[in-house]
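There are two complexes below, and they share chain A, which is joined by chain B in the first and by chain C in the second.
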Partner chain A sequence: MTQFSTDSQRRADVCVLGGGIVGLAVALGLQRNGLSVTILDEGDSALRASRGNFGLVWVQGKGDTLPEYAAISRLSAQLWANHAQQLKDATGIDVQLQQRGGLFLCLSEPELRERQAMLTRMRVAAGGDYPFETLDLQQLREFIPEAGPEVAGATWGPEDGHLNPLLYLRAMTEHFLQRGGKIDNSGKISRIEPTDSGFTLTSDAGQWHGDQVVLAAGLGNRDLAPQVGLSAPLVPNRGQVLICERVKPFLNYPTGHVRQTNEGTLQLGDSKEDVGFDPGTTTDVIAKIAHRASQMFPLLRDVRLIRAWGALRVMTPDGYPLYEASKQYPGAYLVTCHSGVTLGALHEGPIADWIASDRTELPLEVFNAKRFTL
Partner chain B sequence: MPNALPFKRLTTNSTEWITVYIEGQPVKIRQGDSAAAAVLVAGLQPSRTTVVSGSGRAPYCMMGVCFECLLKIDGVENVQGCMTPACDGMQIVSQQQARQLNRTDFSDSDLSSANLSNKNLTDKKNEDPSV
Partner chain C sequence: MNIPVYDLVIIGAGPAGMSAAATASSHGLKIVILDEQTAPGGQIYRSISNPAIADENILGADYYHGRSLLTAMRYANVDYLPGSIVWAVSPDLSISFSRAGKSSQIKAKKLLIATGAQERPVPFPGWTLPGVLTCGAAQILLKSSGLTPAAPLILAGSGPLLLLIAAQLNRAGVEIEAILDTTPKGRYLKSLRYLPAALRNLPLLIKGVGLLVELKRSGIRYVNNVSQLKALPGSNQLLSKLQYSVDNRIETSSCTTLLVHQGVVPNVQLTRALQLEHQWDELQQCWKPSLDSWGESSQAGIFVAGDSGGIAGARAAEYMGELTAQRIAQQLGKLNKESLLKQTAKAGRLLYQQQAIRPFLDAMYQPADEFLKPSDETLVCRCEEVTAGQIRGMVAQGCTGPNQTKAFSRAGMGPCQGRLCGLTVAQIIADERKVPVKDVGYYKIRSPIKPLTIGEIADLAE
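What follows is the complex of A and B.
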């Protein structure tokens, strides 16, 4: 860990609170804009959603009640190839991005029809520009021959993909440090005080100063946002994920519930549980996830489970992100979402540019917290 | 197969001798030895190759943690040798990289199970699969 002994080392143009996928992506984009950035991270006692996520770069179905969210998710997916390439060029780390399309399997005909209707509505809302296809089981098996007989069909999104989220986190961390960024993870920031020249941030380990401050601390934003005139009404939503042994590749496309990594590991998801701040696992949910995955792909029935974990999603009441600049304290920004992987390229790109310049062409007005108080 | 490794048996161990087959060659071990112990006795090196690079590995922790002792035992791939008691006549071969899952033949099963409904799912129609 870096030691920050002098005042000058404890100053930065921007302090980013939170060293997960969201904070790092924004921090890299701010560095690209020529700003000095320090990341203040709570350390490994934090909830660490970035260590627990599933790794999808996912577009289909996102934003079915908010076209702007569909638009920024698609924009990020389009920016992803360049984002991954830049990380690889800078660090040599290949985050294993693959964007050949993705499948959402449905286990009943009504579920498939409802999903098709939802995506059709999204296509209309997007003025016709919203690529997807609905596949019956026979068509699905042209993509994945191992889809089981209980599968009704699937929806195909050509813009979907996946990557290795831990390599992504590591690549961003290395690139940020290469560029002279500093990461301090000596404890939780307990107090943010607006000053004449920016913000003073206090933890048990001392004080930092940033001309600007970006809140990217996931569920930790709940306590931080009100200190700079913002609101982050976030709730935890638990997802459990199962990891199986490495097997020869059979799944050439990510699906909403099962994906296979470059190394052959099978990852099975997921659950959506309202259990407060408990990131644990439960046998009944693990069994349910395993059962559903083996219905979708019967060859998984004798695959070995290696481990499972729970992680807490960072959820707003409507599930959509918060991107908001403080009116009361200019220079303070809130960036939070539950899809930090999908939106990573957006955060490194247009979102960081917005914070650096205070201007944007993104429709960010729909992503502020006032929508929850109307 | 040569007994290449300098393992010595405790004299207190007095169980029966059994025969297992390592890469087809008979090897005498004690009843109660694990399959991983058997490949160490036989000097099978490497006893597996890794999935990504194909580099060689051998049993290491002998207590179910490190997964370096994966073997193909009686035709089943990716078995943890250290957690598997050997038995007389057991066929043990090295695990070569990733396991091949048995492909499914759906030619008959489609009709027989097509009517199964799915009662255990909690999926919602608009489920957003990413985290």
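What follows is the complex of A and C.
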């Protein structure tokens, strides 16, 4: 734990609330803009969506009802290679980014048709520039020979990919500290007070001052946003993930339900439950995930499950992010989403630039919270 | 799916589980024991139904005391399911377990966790070399198969079990090169204040002294004040030499097998997975679930008896199992409060006597710092190969607890789920942050608490 005693050390150009992948990415981008940044984070037992996610850098199907979301997801995916390279150059940590395309397997013909129709609508909305392919089982087996006989087919997105989210978290933390950033994880910020020269932030461990403040505290933003004239109507949405032992690589492409890491570990998941603030696991959901995954890839039946976890997604009512600057208290920003990995490069890049300069070419007006009150 | 419901589900058939089953069955409760082992007895009375060794002097009379528990359990009306691996328990007391490669679920009105202890992990440079075993592992070989480890053999560590196993192996004719006692200097003086209380269990104290005398008479080299253990590999990457320090002098001995031991700690995987309240026991340097005097945990209906609720030994586990079973019967309306107190008076007295000696033993045999907070080069997490130095580095980067170091280094993410690194990682973090271990906390333990195949779990969905 880092503790700072004197008042001058408790000041920063920007205080970022939340040390998960969203907060860290924005913080790195602000440092790139020459600003001094402090991250205020919670302790060991916080909810931490960043540590429970699936690691997909995913484009296909994202933003089916909001073309701007589809556009920023694709933009971020395009910026990712550079983002990963910079982290590697600075820290030596390879986040294992792989963007060779991804597959979404469907277990029935109607499900496959429905998905194809959705992606076709997205292609129209994007003016024709939206690459995807629909594969039947035989075509799918050219990508993954181990796909099981119960699989109807899959959709292929050439821009999809995945990475190791824990290494990503670690690489960003190291890079942030290298550049002189401070991380204070002595506790939850309970109060933000706008002052003449910025914002005063109070936790049980003391007070901080930032000329600007970025709320990137995931579900914690619900209580923080109203204090700076913003609103963050977020609800937790539980996902359960199964982790299996390391096995010989067979899955060369990530899929929406199963992915294999560089080390051979398998991750199975994608359940969505509305269960409040309960990050636990349940036998019935774990069994369903295991059942579906083993229908997709029968060889999984003999692979051992090592552990399962539940994590809480940070969801708005429509599932899309919130990017908003406070009109009432200039200098306060809200950044929150449930796809912190996919949007990581966007956060480090254009989103951080927007906060540093208060200007952007991104269509951010569609991502403010007014859409929920109209 | 029609899930069978039991009044009482007992996990584990060691002394606590066996005695609880016998007691609870006398009240007519519908009981099942889920036992991971293939026969009753737990670790202490392993293979008691079919001992592997004919000469009863080798394991000693305390081992054969287990027969009385076995007889009581056999006469009781209890469903006994050996080879059952419990891998998840929901807060509503639905229990998922695997048996012969197939998983099933049952439901409990009351749950008794009697999963016993595990040996404290003993990290030191070279502890992962083939040839380094724990004393407990050697005892399993001896009790279940009558096998003894390869010579030359050295025992190193601290605690009553070290002495007992040395004596048992010696009686079995195993040639022991040396016993290296790592109990730090000054412990005798430190534990003296607890001696008066310990005198309440005079028979056990006398037994302990008897073991020391037996080992002395055997002529085995006994070295005190040993520190800085280091196991060194030969050209075949197997253990070949042990290096250690005595009175600031470095010594080296050849050995094929090294048995290490630094006491036992409660097996908290299940109680942690259930998110029961736990407390840090400073004298025993371990976590244990918070229990009331009847063994009920912070979640009503979930009880813990025996060493999984706090280390107190086999006899204490037996009495605690009895007390807990009586309380459960009373909660289920089988006897009133007054008869409960009457029927548990004797077991309560015996339990008190057993517990009286613990502070003395715990103070005397608290592990030396080098095993609690090992040197930087030492592997801490064996599954993911993370060293003590890496954990220290992450604390410097701002990690305040073991769940953060887990996310950063994968320490604790392997198949053992932190059983072999949880205590050490928390100790190192506490030491670096200069805060008590209780403020650092423990891993969030995830189900399944034992690995099982995707196919087996998938079949539950059908």
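The rule is short, and it goes like this: the second predicted complex is superposed on the first by the 374 of 374 C-alpha atoms of A that agree within 3 Å, B and C clash if a C-alpha of one lies under 4 Å from a C-alpha of the other, contacts with A are read in each partner's own complex, and residues count from 1 in each chain.
We adopt the following convention: contacts are C-beta pairs under 8 Å (C-beta built on N, C-alpha and C of every residue); 3 or more make two chains touch, one makes a residue touch a chain.
Remember, predicted model here, so these are calculated numbers, not experimental data.
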Next on the checklist: Just checking: does A:T173 make contact with chain B only, chain C only, both, or neither of them? Give me first, second, both or neither.
Outcome noted: second
Next on the checklist: Quick one: is A:D302 in contact with chain B, with chain C, with both, or with neither? Answer first, second, both or neither.
Outcome noted: both
Checklist entry - Which partner does A:N185 reach: the first (chain B), the second (chain C), both, or neither? => result second
Checklist outcome for this item: Chosen between chain B and chain C, the partner touching more chain A residues is B
Checklist entry - A:T336 contacts which: chain B (first), chain C (second), both, neither? => result neither
Checklist entry - Is A:T281 contacted by the first partner chain B, the second partner chain C, both or neither? => result second
Checklist entry - In the superposed arrangement, does A:G43 touch chain B (first), chain C (second), both or neither? => result second
Item to check | First (chain B), second (chain C), both or neither touched by A:L268 | outcome: second
Item to check | Partner chain in contact with A:H291 - chain B first, chain C second, else both or neither | outcome: both
Next on the checklist: I'd like to know which partner A:E245 touches here: chain B for first, chain C for second, both or neither.
Outcome noted: both
Checklist entry - Overlap of the chain B and chain C footprints on chain A, residue-wise? => result 245, 288, 291, 300, 302-304
Item to check | In the complex with chain C, residue positions of chain A that touch it | outcome: 1-2, 43-45, 48, 51, 166, 169-170, 173-174, 177, 183, 185, 242-245, 268, 280-284, 286-288, 290-291, 293-294, 300-309
Next on the checklist: For a test of understanding, state which residues of chain B touch chain A in their complex under the given definition.
Outcome noted: 51-52, 78, 98-104, 106, 109-110, 113-114, 116-118, 120-123, 125-131
Checklist entry - Residues of chain C touching chain A in their complex? => result 88, 90, 94, 96, 105, 275, 397-404, 407-408, 410, 413-415, 417, 433, 440-441, 444, 446-448, 451-455, 457-462
Item to check | In the complex with chain B, residue positions of chain A that touch it | outcome: 49, 52-54, 56-58, 61-62, 64, 104, 106-108, 111, 114-115, 118, 145-146, 148-150, 239, 245-248, 250, 256-257, 263-264, 269-272, 288, 291-292, 295, 298-300, 302-304, 311, 313, 319, 338-339, 341-342
